[in-house]
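Here the structure is laid out as structure tokens; the discussion comes afterwards.
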Amino acid sequence: MTTKRFVAAGHSDLDELYADFAAHDLQPLWEMKGLLTAAPAPRMVPFRWRTGDLMKLGQRAMELVPIDRGGDRRVLAFANPGLSGAPYATNSLWAAAQFLGPHEVAPAHRHSPAALRFVLEGSGVWTLVNGDPLHMGRGDLVLTPSMCFHQHHNPSPRSMVWLDVLDLPMIDFLDAIFFEEGPLDEVDQRTDPVSGSEINYAHPGIVPVGLYDPATPHSPLLVYRWADTDTALEAILGATGESAATVRFKDPTRAADVMPTMRCEMLRVRPRGELPPERQTGSRVVAVLAGGGTATVADQEYDLRAGDVYVIPSWATHAVAASDGQLDLFVTSDAPVLEALHVHRTEPAR
Amino acid sequence: MTTKRFVAAGHSDLDELYADFAAHDLQPLWEMKGLLTAAPAPRMVPFRWRTGDLMKLGQRAMELVPIDRGGDRRVLAFANPGLSGAPYATNSLWAAAQFLGPHEVAPAHRHSPAALRFVLEGSGVWTLVNGDPLHMGRGDLVLTPSMCFHQHHNPSPRSMVWLDVLDLPMIDFLDAIFFEEGPLDEVDQRTDPVSGSEINYAHPGIVPVGLYDPATPHSPLLVYRWADTDTALEAILGATGESAATVRFKDPTRAADVMPTMRCEMLRVRPRGELPPERQTGSRVVAVLAGGGTATVADQEYDLRAGDVYVIPSWATHAVAASDGQLDLFVTSDAPVLEALHVHRTEPAR
Amino acid sequence: MTTKRFVAAGHSDLDELYADFAAHDLQPLWEMKGLLTAAPAPRMVPFRWRTGDLMKLGQRAMELVPIDRGGDRRVLAFANPGLSGAPYATNSLWAAAQFLGPHEVAPAHRHSPAALRFVLEGSGVWTLVNGDPLHMGRGDLVLTPSMCFHQHHNPSPRSMVWLDVLDLPMIDFLDAIFFEEGPLDEVDQRTDPVSGSEINYAHPGIVPVGLYDPATPHSPLLVYRWADTDTALEAILGATGESAATVRFKDPTRAADVMPTMRCEMLRVRPRGELPPERQTGSRVVAVLAGGGTATVADQEYDLRAGDVYVIPSWATHAVAASDGQLDLFVTSDAPVLEALHVHRTEPAR
Amino acid sequence: MTTKRFVAAGHSDLDELYADFAAHDLQPLWEMKGLLTAAPAPRMVPFRWRTGDLMKLGQRAMELVPIDRGGDRRVLAFANPGLSGAPYATNSLWAAAQFLGPHEVAPAHRHSPAALRFVLEGSGVWTLVNGDPLHMGRGDLVLTPSMCFHQHHNPSPRSMVWLDVLDLPMIDFLDAIFFEEGPLDEVDQRTDPVSGSEINYAHPGIVPVGLYDPATPHSPLLVYRWADTDTALEAILGATGESAATVRFKDPTRAADVMPTMRCEMLRVRPRGELPPERQTGSRVVAVLAGGGTATVADQEYDLRAGDVYVIPSWATHAVAASDGQLDLFVTSDAPVLEALHVHRTEPAR
């Protein structure tokens, strides 16, 4: 017997039956509580990590921990307090801050979990994805899709930090993790100003003929530049006159998110503007790129500063209000997965 | 602090840093072991439940536990010994035996987890799906898709048992469970010999015009009859002359599995024939409909009898050999999910 | 000058300009009439071919014209009187009666235009499609898709006739016709009772695993048997109690018509029942399999007998009324093309 | 009898039969020649229209023909000499030069044929598509999709000319033409510098959330600016170092051409560079935006100047060589239709 044993107190026949169930690795549905809830009841909780704490701890880690110690990455994982000590920001998403010091290199590897990098501050690191050099600047979104080799190298004299989001908990749940080291002896430290992915795919509605393999399951555009995102948001808000707008980063070659497991969006809220309460199934990681204000997640209220990161559990009410400055929020979710499984729901809340 | 605290023994600065990490709900990636494995390392284990044990325990449950006690279903969940007491057969799939006594009714409810029923023995129960009456006979596959109301009623004088498989662990992992009771006062005990779903969709390549809403995410055919499955397998094996054949149950209106989260197949192995070793990512639940033989799962070998159920972890080698009788195996997997996320892999093994 | 010369009578400057236009192969839009009409203005007209005439003429052709004379097919094309002598039944569809005498063979060839065969009477011929032998019986629909080798052979002592429908005018319009003779020396005269296509794909919602190449642009099921069509229509009409029902023949592996260019449906109207007036863009060829009644196409009224064929121009009102017997109509249209181009419209008429 | 009568000279029985065929609107396949050719045998011929001739004739038309005379458009249709006087540039595509004088307005209408406008020279006209104002400048591609209201107005003191390409012959062939005048009394003469379509969709891989209806069958981006096209071509040629590159204009929201019936591409050939011989099924209209050189189409050789337009029949060999200047060619084809019908073929030639 390795399974849970249910107890039928004061009913010896039944209790004996339950013991026999357990002895045969069976469990009686009728004694289970909370298996099918009327609405989602996440174990993860709303939570916010403060940028100030993070930066100080990252600085100490840069001093004490060399990059080559275990995992080849100096990464601090956001660990949601509701998840029993697992190093996961939400049920399905890993989120972390990655620190790379001057002249450090995080060597190439690849894995089935997909990752994205979003730069909250600074610039100067290059991420190479299958050899394509992507410079990382503030506000840039960089993709390192499933099973693509990726490395980071910092040719600058300044350290740099960015947000990592991975679908790791999801791929782990599905028992589909594969990992492979890259070639150790050849570290490509290229610093091309523009990546091949941009040369070919960063044009509005214009693509090269015959280059892209439609079987590739991720966007061929591997970096979305802040200047473009900012331009898009300004244009849209200018036209609508509304106080908030959201743009989505997508595969320019088809009707698909940037990667099959994660959705990426940028929300801009004008000074003193609001995003009305809404909720959706699936979890979200939100990072504050600029500005300040307040986020309300279920019954939690967070005052926001640039660099803060917070998480929204499935079906929890979420609302945002900007303070006197304009608020820019980068939002990652597992929505493409819930949509593929046809269990995605969204609604205005209250 | 609610998260895991890492320890840097004999290095006081680092240990202090780790304590501060924990105090801020952060975890250092470089101290984590086994996060990214070279290949899948499932917690679930290969396991087999014996039909003989199951039937005896079910019989005792029928005597001691009325149907209306908690959950309105008399269900024994297969609990995989590797999953720390969770009532799940695999990481992503719930599997269970459901027992319904003479003249019992399991009243209507609906939920976002999708379910399927496969009849290993007996007949005489009707499952109503959104009011459509589906008679359940041996070898039949019955769908109760996500958010469809379903009830079971047994107008016969004999009890009946069948296999339930649900995507419950997956929908639970995604925090997307919704549940709703059906109307309690109107129990529809219809016993139509043929369902509306069959009237409209159980014809080879022929469908009614204008009836089906293409937005519906599951097959409009809700029952796959054993006679058809058997005919298909015989025809194919007769034509190929091989010793094994697999057919897939699918949505007749499009290129899709029966439901977005679960794949259903039937494998027939001729007497003394074999299914060569293979493996795939994602987990599987296998039920023996008829015949006997041996299943090898990783390093486990199971002799099989009709009614047995076993599970295959992700990426574990799987092989089957029939004994002197023909072996019919019903196989459910989470493959559609892994395909949607582009982390599905299959290969011959060894 | 090879183009049309417009005339501006009584306006010499303009007339001179028009002459210069013509000299440079240009035409002035503003002088064109009827280029853009408020609604479709087909050149093809409603028309009906009588089976009685057809059979007598076919009989005489069997006596006078051997099969090997030009084209290797004894085919009488239905020539729509509105199409200026072109051998086309509608603007986009070729329709014809094909006659094959006892022990005759129409040898293998293939072409980019796709064809279908519908048997209005008799049986006994085999059509081989890429070597797969399809027996042809009354009411059967047989596909010979684009670029598949096909031959017909008649091992029986009786002649046989069937309806051919091809997308030839469409493929000709697009200048995409390719044609190739099959191997002349090997005529495969197999008479297998069941085709491979049926062995694998004629099961309701059940398909073999790993057999079908999803890049193949047509249904892998190459014959739809009358017994199945009849069963489906009876089941549906029995359930709805209505006086008419339409089923569509489709690719059982995906959401697609049998072939990319042609839609096939069977309409059954109960004795004294009606199909209310409707219209759609695109043209249709209708063949009477059984029964009698009246078809109204625009302002034409046709009394129908088994074996008659009539055509419906785009956007013409169409209505059907059965006489005292049950009326079965086989309908082919170019609807998949109009749908792909997003110019398909349907509506009830009047 | 309204159909073609075949003659069987010297064979009276047969000749009588043929007369009876004709009397019953039937035609014998075996007497038809050239129905199924080994490869496409287009009636349209390779042809080139000279910009010099065109401009002079257009100027005269501007003087003699007011805009409101018939059709509300001052359009000179390119009439292919092979098409028996039809005003069509190819079998499936209408191409024309449209002239709009200072302060003229071509009022709003809509039709099921889709149109695109490509500006070969000049600027200053606005096209309104469903009210969205699109300024037209040199090298811009402007879409006026099927059933979208569109008008042109020229607030400038200069006349302007551009290339129109429509799928009119195709929609006419399918008898699916619908046409509707716009409201006559309200002419919107807006001159916004940026269109709503660009505000929302002219960002690389970035789109607004929740705005676009996925059922709309055309690109939501209605204008592709020359600056973007030029930038894309330069970037790609700079990276590859090759002498020619082609970019495709596409719907930024999905894997689709700009409209369901027409493909648009821009080919740049470096000075003295070449596009090697190739051929494809389907017809093409090519316009020279800049530079000079030679185009070879089947056995025709055309020296090219900016403003020239030439056409390529289906399956004809096509090659291009640039002279001392860089050559920019705008290419429209019916490829999306041939792809949808699965009769599209491409290959290097010779």
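Letters A, B, C and D name the chains as they come in the text, with residue numbers starting at 1 for each one.
Methods note: a contact is a pair of C-beta atoms (placed from the backbone, for glycine too) under 8 Å apart; a residue touches a chain by one contact, two chains touch by 3 or more.
Since we're looking at a predicted model, the values are computed, not measured.
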Which one of the chains is farthest from chain A, going by Cα centres?
C
Could you please state the distance in Å, as a whole number, between where the Cα atoms of chain A are centred and where those of chain C are centred?
53
Give, as an integer number of Å, the spacing between the C-alpha centres of chain D and chain C.
30
Using mean CA coordinates as chain centres, what's the chain B-chain C distance in Å?
44
Where chain A touches two or more other chains simultaneously, the residues are none
With chains as vertices joined when they touch, what's the shape: line, ring, star, complete or other?
ring
Which bits of chain A are touching chain B when the two form their complex?
2-4, 13-14, 17, 20-21, 24-32, 35-42, 44, 47, 49-50, 53-54, 57, 60-61, 64-65, 69-71, 73-82, 85, 87, 91-92, 96, 111-113, 146, 167-168, 170-171, 173-180, 217, 260-261, 281-283, 313-315, 334, 337-338, 340-345
Chain D - residues contacting chain A, complex:
194, 196, 198-210, 214, 219, 221, 224-225, 228-229, 231-232, 235-236, 238-239, 245-255, 258, 265
